[in-house]
Each structure stands twice: as C-alpha cells, then as structure tokens.
Amino acid sequence: MVAGLQVGTATTASAQDCQVSIGAVLSITGSMAAIGSAIGDAGQLAVDQFNEAGGVNGCQIRYVLRDDQGSPNVGVDAAKTLVEIENVPVVLGAIQSGVSLPVLTSVTVPAKVTQISCCSSAPSFTDLAASGGTDGYWFRTLPTDRPQAVVMANIAREKGYKNIAVIYVNSDYGVSLSRQFKAATEALGGQVASMTAYNQEQASYRAEVNSALQGEPDALFLIAFPADGATAAREWISFGGTQNMLLSNALRADEFVDAVGAQYLSNAVGIDNAQVEGPSVDAFNTAWSAKFGSAPNGPGLHTMYDAAAVALLAMEQGGEANGTVVRDSIRLITGGEGEVVNPGVEGFKRAKELIAQGKPVRYVGATGPITFDANGDVTGPYLIWGVKDDALTTLDTWDSARVDAAIAEIDG
Amino acid sequence: MLQALADGILTGSIIALGAIGLTLTMGILRFANFAHAEMITWGAYMALGALALMGPFMAPLGALSFGLPLIIAMVIAAVLTSLLALMIDHLVFRPLHGRPNDMTIVFSSFGVSLLVRMVVLLIFGGSAQYYSNTLQIAVPVAPGLRILPDQLFVLGFTIVTVISLHFFLQRTRLGLAMRALAENPTLARVNGIDTRVVIRWTWVIGASLAAVAGVLYGLTVQLRPEIGFHLLLPLFAAVIIGGVGNVFGAVVGGLIVGLAESLSVFIIPPSYKLAVPFIILLIVLYVRPTGIFGSAHHAGAK
Amino acid sequence: MTGFAAYLVFFLIIALTYSIVVMGLNLQWGFTGLFNAGVVGFFAVGAYGTAVLIGPERAGAIGGFGLPFPIGVLGGAALAALAALIVGLATLRLREEYLAIATFGIAISIQLIALNFEALTGGAMGLISLPRPMLDVFSSPAHYNLFYLGVVAILALVVYLALERAVTSPWGRVLKAVREDETAARSLGKNPVLIRLQSFVLGCTLIGFAGGLYVGFIGYVSPLDFLPILTFQIWAMLIVGGSGNNRGAIAGAIGVWGLWTMSGLLISQVLPVQFQSQGGAIQVILIGLLIVLTLLFRPRGLIGERETVSKHAGPR
Amino acid sequence: MSGHLFQANNVVAGYRPDLPIIHGVSMHVDAAEMVTIIGPNGAGKSTMIKAIAGVLPISSGSVTLAGKDITRLPTHGMAAASIAYVPQTDNVFTTLTINENLLLGASSLPKAKALEQVGKAYDKFPALKQYRDKKAKVLSGGQRQMLAVARALLTDPHLIMLDEPSAGLSPLMVSDVFARLRELVESGVSVLMVEQNAKAAMAVSHRTYVLAEGRNRVEGVSSALAQDPEVIAIYLGAGGRKR
C-alpha cells in the first residue's frame, strides 16, 4: 500500500509540463472483477506505448481508471468525475452494457464526450444510436452479438449438431447472444433443445446443468465468463453432459481451460472476434507478453487496447482534447485508404509522423482492421479456437466477407 | 427427478451443517448473526490457505478428490474460524450487548459480515478457486442418477457431525449448560454457570461447524468470496423452519430448503431458485412462526 | 457551467435522492427500532414501478403505460408500500430479527425478479429510454440538472418537514414508546404491532419514492442499480449521520456519499493500476468500519437523537 | 455486627445505575435463621433480593457472607460462595428434564460430586424421582417450586434466598412449601425470602424486614412485628392482600 502510493506519486511527478487525461470506467471489482483488471491493463498498455512514442500533441497522457464495481450508480458517478473534474475528452468503457448505457445517456452524450467501449455487446446501443440517442459519441470495438451467433450456428451445422442445449449467463450479453444463436440455428435447420439462464457468481450451477441435461442434447453452447463458465462446464462434464461444446468469445481464457481441464475440452470449439494473423495482431500480442509475461488470452484485452489506441490516435489527429473533435476524428483514422499503422510504440510513432505531415492514417489494431459503421458498431473477422496440448489454439478464421455471407444466407 | 432429489439432499446437508451453528448461536446468544455466513466463507478460504501452505504430500483417498491434507486443513480452518468468531465477539458484539435497541447487535453483525467478506476478497482475490483442479466425474448409480464420490463423503461427514453434536449436547455438562443458557440465561447464571465461558464455547462450536460446512461446500462447488453470503438466506430459512435453537430442526430445515431449491427447477426457471428459501420462509412465518420443531419458548411469537 | 460545479450539482441530486431513502429508513430504525436489511429491494420496487408506469411501449412486454412522471413515481411508491405490507404482516408480530431476515430475503427476491422477469423489467438489459420529466423545456443538460436538483431538494425538504411533524405528533410519541417499552405501550392501549407496521410501510414508501426520483434522473433502470452494497451504503449514511434525527439523516447521506465518491476518486489517483483491483474492496471495508466503529464509539452518530429515553442496560 | 452469617450494608441498586430503586438498605441473616422481607408493591423487595443474589448490579454498599465480601461477585460465583437463589418466575428449565435441572444446580461442583448430590436430592425429594426423565414443563406449579428448591440445595448452600416461593400456589401448597423451608432451617440452612403473603411468611420466620420505597421501614422479630399496629394496618390488614 505504501509502496503503491509512492509509485503513484512518482508517475505523476515524472509527467511532462503538459498533460492530457483519458478516462476509463471498468469493473475492477464486483461481478466482472475476474476479467476487469486485465482489461484495465490493456488500456494502460496502449497509453504507455503512446507516451513512449511521444504522447498526444506533445503532451503526456494520463490514464485515469475508475472502478464501477459492476454497478451503474457507481459507474455513472465515476464517469461524471472523469468528465467534469478530470476534463477527459474520452471515456473508455464500461464492460457491462448495463453500466455503459447509463454512462452514455446521462454523462457522456450530454457532456459531448466520446465513449468507446471494449466490451458492451448489447443490441440496444445500435437501436439507441440509430434513433439519434448517442449523437455519434458512442463507439465500440467489439462486434455485436449477431455475427457471432450466426458464425456459431454455422459451426454447429458443420459439426452436425442437431439438438443443442444453451446455457447462458443471465446478463445483457448472455441473453442477447443466446437469442441470436437460437434464431440463427433454427434458421439453419437445427434445433435448440433448451435455453437455460444462470445467475452470475453462484458457487454451483448443478440445478441449471441438470435442467439443461433433461433435453438429451448432443451439444452444448455455453455463453459465459471464464470463472462461472468453468463451474458450469465442470458440472456439465461431471454429470455426464456431452463434451461437444461450443464456447462463447468470453471463454477464450487460460483461466477457463485450466479450471476445466484441457483433456475435457478436446472437442470444444470456441469463437472470438480477434484476428490472430497479421502484423498488427502480432504487434499487440508481443507487446503484451513482454510486459505481463503471459499470452493475452482473456476477454476484452484486444478490444480494450484498440479502444484506447483509437481514442489516442483520434486525439492526435484532431489536435485537441475535445470530445466532439475526437468523435469526428475517429472515422478519419480508422476507415479509408490511409497508410496502415499497427499497435506498438513504432506504430504510434509512425502514425504521429504521418498525421504531422497531414497524410491519412489507417489504424489496423489488435483485433485487425476496424471500421465503425454509422451506429459506432464494428463488424470484424472471427477466429475459431480450440484446445490442443493444454493450450488455446486457433482452428480457423472467418474473415469479414465470410461472416457477411453467412448473415446474408440467413437473412436470405 | 432422481438426480434433483439426490442433489437436494446433498445441498441440504451442507445447509444443515451451517444452520446448526446458526441455530445454536441464535438460540444461545439471542441474536440473528448475519455474519455467520461469512464464517463459512472464512473457513473455506482458511482451508484453502492451509492447503497451499502444506503443499501436496499425499495422494487422494480412494475415489475422493482429496486426501489427508484437506482433513488437516479443515481442522486448521475450524481453529482459525473459531478465533475469528471470538475476536468479533470480543471487539463488537459484547460491547454492543445491552444497548437500548437490541437490534443494534444484529445490525452490527450485518456490518461485520461485509468486513469479513471484503477482507477475504482482499487476501484471496475475487476469482474462483478450487481445492483440487482435477475434475471428478460423477458415477452413475442408477438410471438418471449420478453421484460424485465427494458428495457421498460430504453426506456421511454431515451425518456423523450431527450425531456427535447431538451426543455432545445431551450427554456433556457443557452441552447441558448450553441448553440451559438457551432457555434462561439468568437462571443459568444463578445456578453457577459462567455464561461467558459457555458463550465462548458456543462461538467455537458454531464457528467450527461453519468452517466445516465451508470446506465441505467448497469441495463440491467453487470457492468465491460470496459463497457464504449466498447461503445466508437458506441458512436463516432452515433455522426458522426448524425452530430457533433446535439442532434437529436445523437439520430437517436444511434438508427441506435444499430439496425445495433443487426440486423447484421443475416448476420455475432455475434462475429464480435463490428466491425459493425466501418463499418457504414467508410461508412458515405466516403459518407456523415457531417453526416445525420450535417450542413455545424460543418461539418467534412475542 | 462545467467542472466542479457541474459535478457538484450531479452529486447533490444523487445524494439528496439517497437522503430521502435514509429518512425513510430513519423512520423505521431511528424512531421505531425496526431493522430493514433490504433497503435496496424497496428502492428497486419504487424504481421499477416508476419505470414501468412511465416507460414507452415495448413489444411483447407488460407495462409501457407512458403515464406522466408524477403518477409513475407515486405508483412506484405505492408498490413499495405493498411489498412492505406483505413482509410486515408476516414478521412484525414476531421476534424483531425476523423482520431483518425477511427484508433481507425480499431484497434478494426482488433482484431476481428484476433480473429474470423480462416481460416486466426488461431483465438483464433493463429498461432504457425512459422519459425524463420536462427534459425538453431546458436548453442544456446543465440547466436541466440544476432544475432536477431543485425538484429533489424541495421534495427532500417536504419529506423532512413532514417527518419532523409526524415524529413530534402523538403518533410519533407512540412510535418511540413502542421502541422503548413495548409492554408500557400496550398498557396504554396502543397495538404495538399495528404501530410498527405503519412505520415500516411508511418508511418503505419513502424509500420507493426515492427510487422513482432516481429513475427520473438517470432515465434508465437495470438490475445492476440495486446491488446489496447499496443497502450498506444507506445504512452507513443513517448510522454516521445519527439515527433518530432527520437532519442527521440528510447530513449522513451527503457526507457518506461524498466520502464514498471521494475515496473512489482518491483510490484511482493514488493506487497504481496493479493495486486498483483491491480499491473497491478497500472502499467497502471503509464503509463497514465506519458503520461498526460508529456503533461502538459514537452510537448516536454525528447529529444523534437527544437522549430522552431510558436505557435498559443489562449485564450479559 | 460482623458476627452475622450474611450481611448487607447500605445497598444501593436498581436496573440502571442512574435510577436506583434500592436506596441504602441494610439487613442481616444469622446461621439457621429464617428471615422474611415484606413490603407493599414497588417497595423494591424483589430488586433487593436480586441485587444481593448478584443478578442485578450493586452501585454502592457491601454484601458479605461469613465475613467474606461478595458484593462484586459475578452471578455465577454466588453458588460457589454458598448462596443459592430461587427466582419468583421461570425458576426451572422447562425444556430440560428433571434430572438435567438438578444436574445444572450442581454446575459448580466436580462431576462425581454433582452426581452424588443429585442422588441425595432424590432421597430428600422422592416425589421428583418418578419424573426423572420428564421435561420440567410437565410439572405443576408446586412441583416446580419443589424442583427449584431441590436444585438450589444441591451445592449445600449456607443461605438460600427465595423470591415469593408461595406465589401462584394453592393455600395447601403454600403451607407445605413453608413447612419444607422450616425443615431446612432446622437442618442448619439459613433462609431469606421475599413474600407477598406476609401473614403466612411471618408465621414461619424468625425475623422480618419491612421495606417501603426502597428503604428499611421496620424490622424486628416476626412474632412481635405481627402484633405491631403499624405493620398490621399497612401490610396485614386484609391478610396480606395485594395492594
């Protein structure tokens, strides 16, 4: 604690004469605590790298991370202090849609501050943006649930699963993804045996597992976060459930594989929205491993990094730390035909040079190429992962074209 | 159905263990201790810490997922949980005893429960942990019924504990003194019973049972700082169903709650399962506030 | 208006909303000695009740009546009263701690309903795009916040004055009599159970009313708004401010909420990111310690009730 | 004055330290003596006996037994100090068996000695033996009083204090209880009791204290006081009827 205080003071003291802050509201404690602090680290990594590359407009960037404790009233208050007291032009976060939404509607949009979430996947944001409720200040770096559900339904069809049980976390994420999956599966001629919701942070999900087992399913689609997901998967396997498992994006974490046991996951197939190939992804993965000594396997790391990187590049591009300028600059540095820049100190240096020369930049991030649509949503490529030799491996990739084709097949 | 019955009995037996400790403290110390559930959490985590310090030195016993180290860890956890309970009693509950509003002490236990949970969170972190990472596969014992060897151990251990406690309360002088104190503290003192000593032992027994419940619970589920908190309502429901102060009642109450929770999934979605103890509690309070085995003395009625 | 002033307005809206909750709890605990362990449950009932009554129509859902905000808030408060009546009738004739246990239980159950009864509550997604009263009238969000602060402040003042009148009225004296000496109250021909029920239901009505005001300000309601920690925070406000005193209740709401937000700010400033994960736990520990230490060393809080009543101090 | 078995000097006591009910009462009991405390309702009789039995705190004054100061002794220490106390109501553990009730009375003794004493109690009160393993709630009022006295005697106390032993009993039972107490005194035990039934109590006791408003009012030999016109007028007028 004392050491911590000193470190904190030292960091502040070493800042250059000018400083800009960017804010983050994440669940460091509370129900998302297990994934929250690593996501916080991902944001910090981007900021550190950008500072090393020279900062934004010559100013050092201060990364102000606030804990929402998984609770909207705390999150809204945290965001309000960031906006009013820290004067941040950008708020990153939150993790849960239930926190991001009130932050958006009652803090960032009224204050004309840009909000970029790494992790909130609820479809309600798209509706809100489409109806003009966000004034364009809302962005998210992870795709909505729909494409994920469609890809997953396709994989189930490829695998020949006919009768699939769905166990999902009872949160906006789980509810939305499970529904989209059911619709997509049924559109593709498959059948969903049962839909079982579970409440977070329970010590046991035996009742839910028993209930899902009733329909004698030939496969399980588990939509969960790593800790709860491991409990559910362990009980599922323990009580004789099939090892033909489909796993949602949030389960791509070493923690999950370790807790369940790799030997039970040889038939499991998971999905994630990060691209695994290409120099931009490698640049992030290498930097992460160098800094934290482990592979960046966990939900939200790539998307959080990109959220922070996009915010910083937009601040550089816009030339001033102002929410509206950032909002308008984001589209300049993501889509378009500019020179590709990658994550990492070198990438950011190059971007700063190009921006200084007035040349267009196109950021290709830890999740691959990013293009925000009018509602602030991205559609991205997907990767299909599995577990081989006790470790997460990539089995397949779906590029954007393939995803779009799959969606088109269903919308037919 | 069969599986749900078996699961209900197993969950019920763990609730019963925790509820015995709660019913004893509620009966003898005369207040609803909201921090009792946190004793369960504390005990479970102390065993985890003890296991980590001991390191693996013996293979699991038979088909079970654990060996002697866990039993030793359980004893250590019981001791550490007793110490925590005595410390809390000394620092908080005893000074508050006799305040004008006797609910002050109940409320303070509410605050204490928060503190203990957060300290566990601070020490051990919020992520889920297991005593053993190896996954145990349930053994099919009948069509539609699978049981984990650990669960059988838990059931057996609970039965042995309940019987031992019964003999302790019926056959020993300390047990007799505890029952006397539960009925009439003044008369107990007049009879030469040092109630402070009995209260101390009550904390030790209640906390040890909570620690054992925590360890056994932790065997079949994952450890998280909230495990005790989530058991709080089932525990209170079991105590009130069985009648406050009634050990046998707490066991039956625990089984009723466990079975009701487990069987409820046939009627309502599993996500409402946590409300089941509350519904039962409300019904009991409306129909028979003294609980099934409650005597008029410890009755809920004023 | 930006910067600190804007934050202060925002902060006060929330703090004064909570002060109404604390005054409701004060009626129950401070004046009647009832331990409500499910404050957040009744707050949630008021909030959801309001949201359902004022919210826009949703496909395949119950509610969406689009009623005017004042009717919504009163409806939410009435629903909270109903929930209190159900719990109160079951427990108030029993030992005191049964109320504590039952209120604890109903808070958990209400949260489950909020999370799972999607047709009514929007489930995990919550209810969004709730109309905020008179939003169109104001030119900027800052002005609107100032207006809303005025509304909340006036309502808090009205509640304060009404409660002050109530507790000094004959009814209020009976309340205290019931708290102090039930047998004596009974011998005066007062039915203590009925008196306690009145106080409990009225307190929960106020708590529910504040829930409605919260919804009107945030324009959104989700199960995450009603985590059990809020119950602790409200209790800390009451205990620290001084139970049995409505001015203490208001001071406690502002003080503790300020302490809470400032400690959060401080933790984010001084703790490096690798220690941040402990920050929330430290904040909660501070609240817990605040409650326990105040109970032990300053049982009447900062501005407590003047001691006019007997103490039944008995040896253990 | 130091020759008395039991002595209370200027005792001030009450339920709250700042609101004393007893304002400096003194009394004494000699060996093998039976002493009664009477007084109108609210005189503080029960408070007095509770205070000297250690159930209520004494804020000033002193209490000695056989010359030893027992003023600040905790309640549970009284039994070991050879004082037994039988409360007026709730004086048996109704949820425990008769045998367990008796065993509890011997809590301050070693286990073997306790069993021996319980055996003796059955010899002394054979009527209790048939209920040995029954819960005490099945007993009648008189039987409960008998059990309470039997239990109080298990430690062979020098002094036994009783709070209204005749309360709620039929006249026949009352005389039986008083006869029993008289036998005790004859066997060498001292008795101090509070009584509403002043006439009957004074008839069996050696000396009587009359309390009023928490103070000593009158004291003296029972037979003499029973003739005292003042006492008769105030307390015995209608055969010790309640005010």
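Letters A, B, C and D mark the chains in the order given here, with residues in each chain numbered from 1 onward.
Here, a residue touches a chain if its C-beta (ideal position, glycine included) is under 8 Å from a C-beta of that chain, and two chains touch if they have at least 3 such contacts.
None of the values given here were measured: they were computed from a predicted structure.
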Between B-D and A-C, the pair with more C-beta contacts: A-C
Chain of greatest Cα-centre distance to chain C: D
CA centroid of chain A to CA centroid of chain C, Å: 35
Geometric centre distance via CA averages, chain D-chain A, whole Å: 78
Euclidean distance of C-alpha centroids - chain B vs chain D, Å: 42
Gap in Å, rounded to a whole number, between the CA centres of chain D and chain C: 53
Residues of chain B touching at least two other chains: 121, 126, 195, 269, 271, 274
Where chain C touches two or more other chains at once, by residue number: 112, 115-116, 277, 281, 310-315
Residues of chain A whose C-beta touches two or more other chains: 29, 33, 170, 197, 199
Interface residues, chain B side, partner chain A - complex: 3-4, 7, 11, 121, 126-128, 130, 133-138, 140, 146, 148, 217, 220-224, 226-227, 230, 261-262, 265, 269-271, 273-274
Interface residues, chain B side, partner chain C - complex: 26, 31-32, 34, 92, 94-104, 106-108, 110-112, 114-115, 118-119, 121-122, 125-126, 195-196, 199, 229, 232-233, 236-237, 240, 269, 271-272, 274-275, 277-279, 281-282, 285-286, 289, 300-302
Complex contact set, residues of chain A against chain C: 1, 4-5, 7-9, 11, 28-30, 33, 36-37, 40-41, 44, 63-67, 69-74, 76-78, 80-81, 84-85, 87, 96-99, 101-102, 105-106, 110-111, 122, 124, 128, 133, 170-172, 174-176, 197, 199
Chain C residues touching chain A - in the complex, by the definition given at the top: 2-4, 6-7, 10-11, 14, 112, 115-116, 118, 123-126, 128-129, 141, 217-220, 222-225, 227, 229-230, 261, 264-265, 267-277, 279-281
Residue numbers on chain B that touch chain D, as the complex places them: 173, 176-177, 179-180, 182-184, 186-195, 295, 297
